[in-house]
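Two complexes come next, and they have one chain in common, chain A, joined by chain B in the first and chain C in the second.
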Partner chain A sequence: MTFAVRVRRAFGTHWYAWTMVAPVVLVIGVIIGYPLVRGVFLSLTDANEANVERHIGVNHLPATYKFTGLDNYQAVLSDSVFWDRLGWTVLWTVGCVSLTFLTGLALANMLNRTLRGRTFYRLALILPWAVPAFISIFTWRMLYNEKNGILNKLLAGGGIDAVPWLNDPTWAKLSVIACNVWLGVPFMLVALLGGLQSIPGELYEAAEMDGANAWQRFRNITVPGLRAVSSTVILLSAIWTFNMFPVIFLLTRGGPGDATEILVTYAYRLSFIDSPRDFSASAAWGVLILVLLSLVAVVYRRALRKQGEVW
Partner chain B sequence: MRRGIRGVTATALVAGLALAATACGGGEGDGGGDSGGELSGTVTFWDTSNDAEKATYKKLAEGFQKEHPKVHVKYVNVPFGDANAKFKNAAGGNSGAPDVMRTEVAWTADFANLGYLAPLDGTPALDNTEDYLPQAVGSTRFKGKTYAAPQVIDTLGLFYNKKILKDAGVGVPKSFTELATAAKKIKAKTGATALYLRGDDPYWFLPYLYGEGGDMVDARDKIVEIDDGAGVKAFKTIKSLVDSKAAITDATDGQENQLKALKDGNVAMAIDGPWDIEGARAGKAFKDKKNLGVAPVPGGGSAQGSPQGGWNLSVYAGSANLRASYAFVKYMSSAKIQQQTTEQLSLLPTRKSVYDVPAVKNNEMVEFFKPAVDGAVQRPWIAEGNSLFEPIKVQMNKVLTGAASPEQAAKATGDAYRKLLKDYK
Partner chain C sequence: MTVSAKPTVTPRRSMRNKRSPLASAGLHAALIAAAAVAVFPPLWLLVTSFKPKNDAFSTGLVTHFTFANYSHVLADTEFLTWFRNSVIIVGATTVLGVFIAATTGYAVSRFRFPGMRPLMWLLLITQMFPVAVLIVPLYNLLASLNLLNQPAGLVITYLTIAVPFCAWMMKGFFDTIPVEIDEAGRVDGLNPFGTFWRLVLPLARPGLAVTGFYTFVTAWAEVAYASAFMTGEENLTLAGGLQTFVNQYTNDWGSMTAAAVIIAVPAALVFAFAQRHLVSGLTAGTTKG
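For the complex of A and B:
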């Protein structure tokens, strides 16, 4: 059977499915595929704002950048800036994801029982999710203001010296993590609450009959029961946090100095703050971030599969 | 849960497409002005003035419609912090850029280098150019052509609370060393801190650098200068001011915190520009407007200097209504409008003739700032000029938080400059 025949036959059988899928493929191609290919291409050139093709009204300036192969990658990887930023980004991701997950898990367990005002608590805990992230972040920034913020006013009331929330490298790192945890908990909470409710109540009853205490029930029923949900949310959360541009950019702009600068905010700096904007180096950073995350995702899935996870 | 996420993605995609479609549709201005005769059509003007100034500027800009009734002026206030990126995105994407842009003096060369600005030589936009202050014209020129008309000129000065200095029994400091000495007396007698030091904005680093006789780069001989001795001394000065508690600082929100500290009387002095005069006078420490004094920026070890700043008016090269845009630039930069700006906002005109008008000449802030502007230091007007600030910002943060020594900071800034300016030594 030739290729053309096979295609025709496949299409004949599955034409309906193909038609249904086509719009999505098209949209993903335009929105994700094209920029991705273009980004990889730019990372292999010396393109910047001053040499790409531009149309300014009726004037047309042709592109004059050239192909430079892997020069950009070599420059990035041999620069200590990349490794410094990578170190902090990993720390930031691990810190945020673990704290978010543990807080979310604790809250989900607390809310997974009948207690008075449960709906109210659930709504209150989802609130950070309902508020647009940038508004929350600006609010945090106002709270953190060393001279006029509420946090320091409260501390002053207790006789404690002002804390340089965003003005000291170490404090700033803790502050951005705290803000991101606050933003991330609702997602964990909702996902884990859903997971908890899918664990059959009989298991707990049986365990209780057998004399298992609360910790043993948690350890041997809740944790395994949540594995499918938690493995997914941890991976998602890790990817989001790794690239959590708004929290860092809006709270500290990567400062003080470069203390809180993660990989994506540095790529932004190259592409939007330097002048002329350095598209090619920024694209190289972007591709490296993608490669890193893909690697993590693959390794993570392998590890899960070894534990018998079908995912 | 996965389905939920996919749903969100789909919604986002649709929203994104809708946005892209509207953005594409928004690019075309109505150009009625190119046919000769009376000016018509729309002129979109992006203004970057601050909250205290924008109402006045809107009124002045819309006054153009009185002279040219068929022209509609669309005034858009774009916050200073976003304006550069927003204009570049719009101009580079050939979609949604304004006809007339208020360009900061360091932006003009940058935008012109990218081909975003229309050369104004020989157009009606440049009117009576001999009347401009020579130092205001510097930043409007790039590679032999003129890309802007100067709108306002400014420099930094030392704002001080007359009452606090008097209560402390100290004079206005002439150097940062004097300021550090006076700080102890000010703290002891009034409880106020001597200075708010803008640790978040690298522009405020320049007086310390110029005070040691240094500069960022020498654009003529293409040499990076910031990492020589003067740069190190400047970093040392800011560090010792903060370490000795003569100054307070922040790594973020410096603009708001400085103004608030000054307005509330928590600091005796702050280095600031004429754009904050109105804002400062609104505070409780300056209920008596005469309590706000302005003096030259303190000097360093070997010199004294503050950077010359200001704003220009440029025309977008892709404007669909160039004729009306030129006329609008001419109007906004005219002596009449500049005089009104000074009367209402105490900003400094760029035209010599305006300084002869009694209302301007006798304006207290002009009286002070004019000599300061005459002595202000011009920056290198190169295309990369604006990106020279970010490396300073990173390093001054590091020095102030103790993450780097002044020597390391100066060296790191110089290295960053050599990455940006490939042909510099």
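For the complex of A and C:
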């Protein structure tokens, strides 16, 4: 069978499947594929606001940036700013994901019992998920307000000095983490509750008859039973948190100074806020973020596979 | 496959001894504390929105109940324009996104075709892409297509955020619909598109609803692209518009709270419908390739 015939035959069998996926491939190709390739290319040039192709009035100025190889990467990686931001981003991701996961796990275990008012608690606890994130973030900004926010007013009522929630580097870091944990817990809670409910009750009864105490039941039944759903939500949550633009951008704009700036917001700042806009450095940051995340995902998957997970 | 979310749990603790009153009290205390933390910020937002502008930061409950913030936001600001922009953009994104996600999900669920595996991977990986890599090239791309400050530009951008995830969810839903239905359609002389459109899609209506809700909520709350691609008061979406109430120079918290409440209510209602299915779709899609 010649190649052309094979292609034609494959097309004959699969043309409807291909037609159905074509829109997605097209959209992803144009809106993600092209910008991605272009982003990688930009990161290898010295493009900035002053030398890209642009229009001023009726005049059309052609692009004058040139190819500079790996210069941007060298500059970024040898700059302590990148490593500082990376250190904080890792701390931020690990802190947020672990706190969110542990809180979600604790609450899910509490809710997964027969108790009065269960529906009420469940609804109240997932409420933060129902409010659009940027609304919640603005609300938190209001609560955190140093002079007039309710948190400091309550502290003042107890005779405690005002806390500079968003204006002191350390406090600001704690505040953004707290806000993000608040935003993230409902998702964890619902996912883990679903996981808990899929564990057969007989397992617990059998363990109880064998004399296992509460901790042993948790350790030997709940934890393994939750492994599949946990590994998924932890990976997803880590990726989301690593790239969590709105919380940082809307709560502190990366400040005070650049204390709370994570990699994503810093890359955004380079190309949209700082002047002159530095497109190539921003693109280099972006590519590095993508590489880091891919590495984490691959290592994570491999670790799971070693433990015999199918995922 | 979506076992995880089925509420049909046999009361598993029935055989267990009753909790001691002390343990019960502790459990309720912990849950009440957690619920209070969860509910307080949105509740406080709601309360503040009914306070006169100058009382925005008073600690008490509402003493002088007023709708002034709401009428100010609706009458004297560009809020309604932003609201209209958001509705147009989010509406178009939802309709297009659900349709595209459904066809893809169906193809992936029913057919084994060359390129399927890479496609599934592609859909999974695109969820990982940071805004930061794409935003500058995308900005340039939209600029060269004259789509900056145009709803269409944001719509296609949002499609790339919502569609990969939705396609996975729709695959999960289609997997639960028996293949015999497709075969029956085939026997009756329908082509694959007819089977999809007339037989399978109507059965997947709950799935479509959930995907639609998800797309709606995602697009309604998106900040980064909206802030970068839309400039000028009259082009902003709600996420961008709200930032103008509270920025470095002006702190109009009264208007901000009222606007926030108006924005949050439709999203919360939509969410209430969708939340139960969201997670089952999510875990089904990601744990079962």
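Simple rule for what comes next: the second predicted complex is superposed on the first by the 300 of 311 C-alpha atoms of A that agree within 3 Å, B and C clash if a C-alpha of one lies under 4 Å from a C-alpha of the other, contacts with A are read in each partner's own complex, and residues count from 1 in each chain.
By definition in this document, contacts are C-beta pairs under 8 Å (C-beta built on N, C-alpha and C of every residue); 3 or more make two chains touch, one makes a residue touch a chain.
This is a predicted model, so every value here is computed, not measured.
Student: Of the two partner chains, chain B (first) and chain C (second), which one does A:90 touch, if any: first, second, both, or neither?
Tutor: Neither: A:90 stays clear of chain B and chain C.
Student: In the superposed arrangement, does A:232 touch chain B (first), chain C (second), both or neither?
Tutor: It touches chain B and chain C both.
Student: Thinking of the overlay built on chain A, is A:153 touched by chain B (first), by chain C (second), by both, or by neither?
Tutor: Once the two structures are laid over each other on A, A:153 reaches chain C alone.
Student: State whether A:14 touches chain B only (first), chain C only (second), both chains, or neither.
Tutor: Once the two structures are laid over each other on A, A:14 reaches chain C alone.
Student: Identify the partner contact of A:290: answer first if only chain B is touched, second if only chain C is, both if each is, neither if none is.
Tutor: Once the two structures are laid over each other on A, A:290 reaches chain C alone.
Student: Could you let me know whether more residues of chain A are touched by chain B or by chain C?
Tutor: So, of the two partners, C touches more residues of chain A.
Student: Now for A:59: first (chain B), second (chain C), both, or neither, which partner does it touch?
Tutor: It touches chain B, and chain C stays clear.
Student: Of the two partner chains, chain B (first) and chain C (second), which one does A:49 touch, if any: first, second, both, or neither?
Tutor: In the superposition, A:49 contacts chain B only.
Student: Touching A:274, do we find chain B (first), chain C (second), both, or neither?
Tutor: So A:274 only meets chain B here.
Student: Which partner chains sit in contact with A:111 here, chain B, chain C, both or neither? Use first/second/both/neither.
Tutor: Second partner only.
Student: Using the superposition described at the top, list the residues of chain A that contact chain B and also contact chain C.
Tutor: Chain A residues touching both partners: 27, 31, 141, 145, 148, 191, 194, 229, 232-233, 236, 272.
Student: Looking at the complex, which residues from chain A come into contact with chain C?
Tutor: Touch list, chain A to chain C: 10, 13-14, 16-18, 20-21, 23-25, 27-28, 30-32, 34-36, 38-39, 42, 52, 103, 107, 110-111, 113-117, 120-121, 124-136, 138-143, 145, 148-150, 153-154, 157, 182, 185-187, 190-191, 194-195, 197-198, 201, 204-205, 208, 228-229, 232-233, 236, 239, 242-243, 245-246, 249-250, 263-264, 267-268, 271-272, 279, 282-283, 285-287, 289-290, 293-294, 297, 311.
Student: Could you list, by residue number, the parts of chain A that touch chain B in their complex?
Tutor: Interface residues on the chain A side: 27, 31, 49-50, 54-59, 61, 141, 145-148, 166-169, 172, 191, 194, 229, 232-233, 236, 251-253, 255-259, 269, 272-277.
Student: Okay, in this complex, where on chain B does chain A touch?
Tutor: 1-2, 5, 13, 16-17, 85, 88, 91-92, 94, 110, 113-116, 199-200, 248-253, 256-257, 260-261, 266, 316-320, 383-384, 386-387, 390, 393-395, 397-398, 400-401, 403-404, 420
Student: Using the touch rule from the top, collect the residues of chain C that touch chain A in their complex.
Tutor: Interface residues on chain C, with respect to chain A: 3-7, 9-13, 15-16, 24, 27-28, 30-31, 34-35, 37-39, 41-42, 44-45, 48, 56-57, 59, 100-101, 103-104, 106-108, 110-111, 113-116, 119, 122-123, 125-141, 156-157, 159-160, 163-164, 167, 191-193, 196, 217, 220-221, 223-224, 227-228, 239, 242-243, 246, 253, 256-257, 260, 263-264, 267-268, 271-272, 275, 278-280, 282-283, 286-287, 289.
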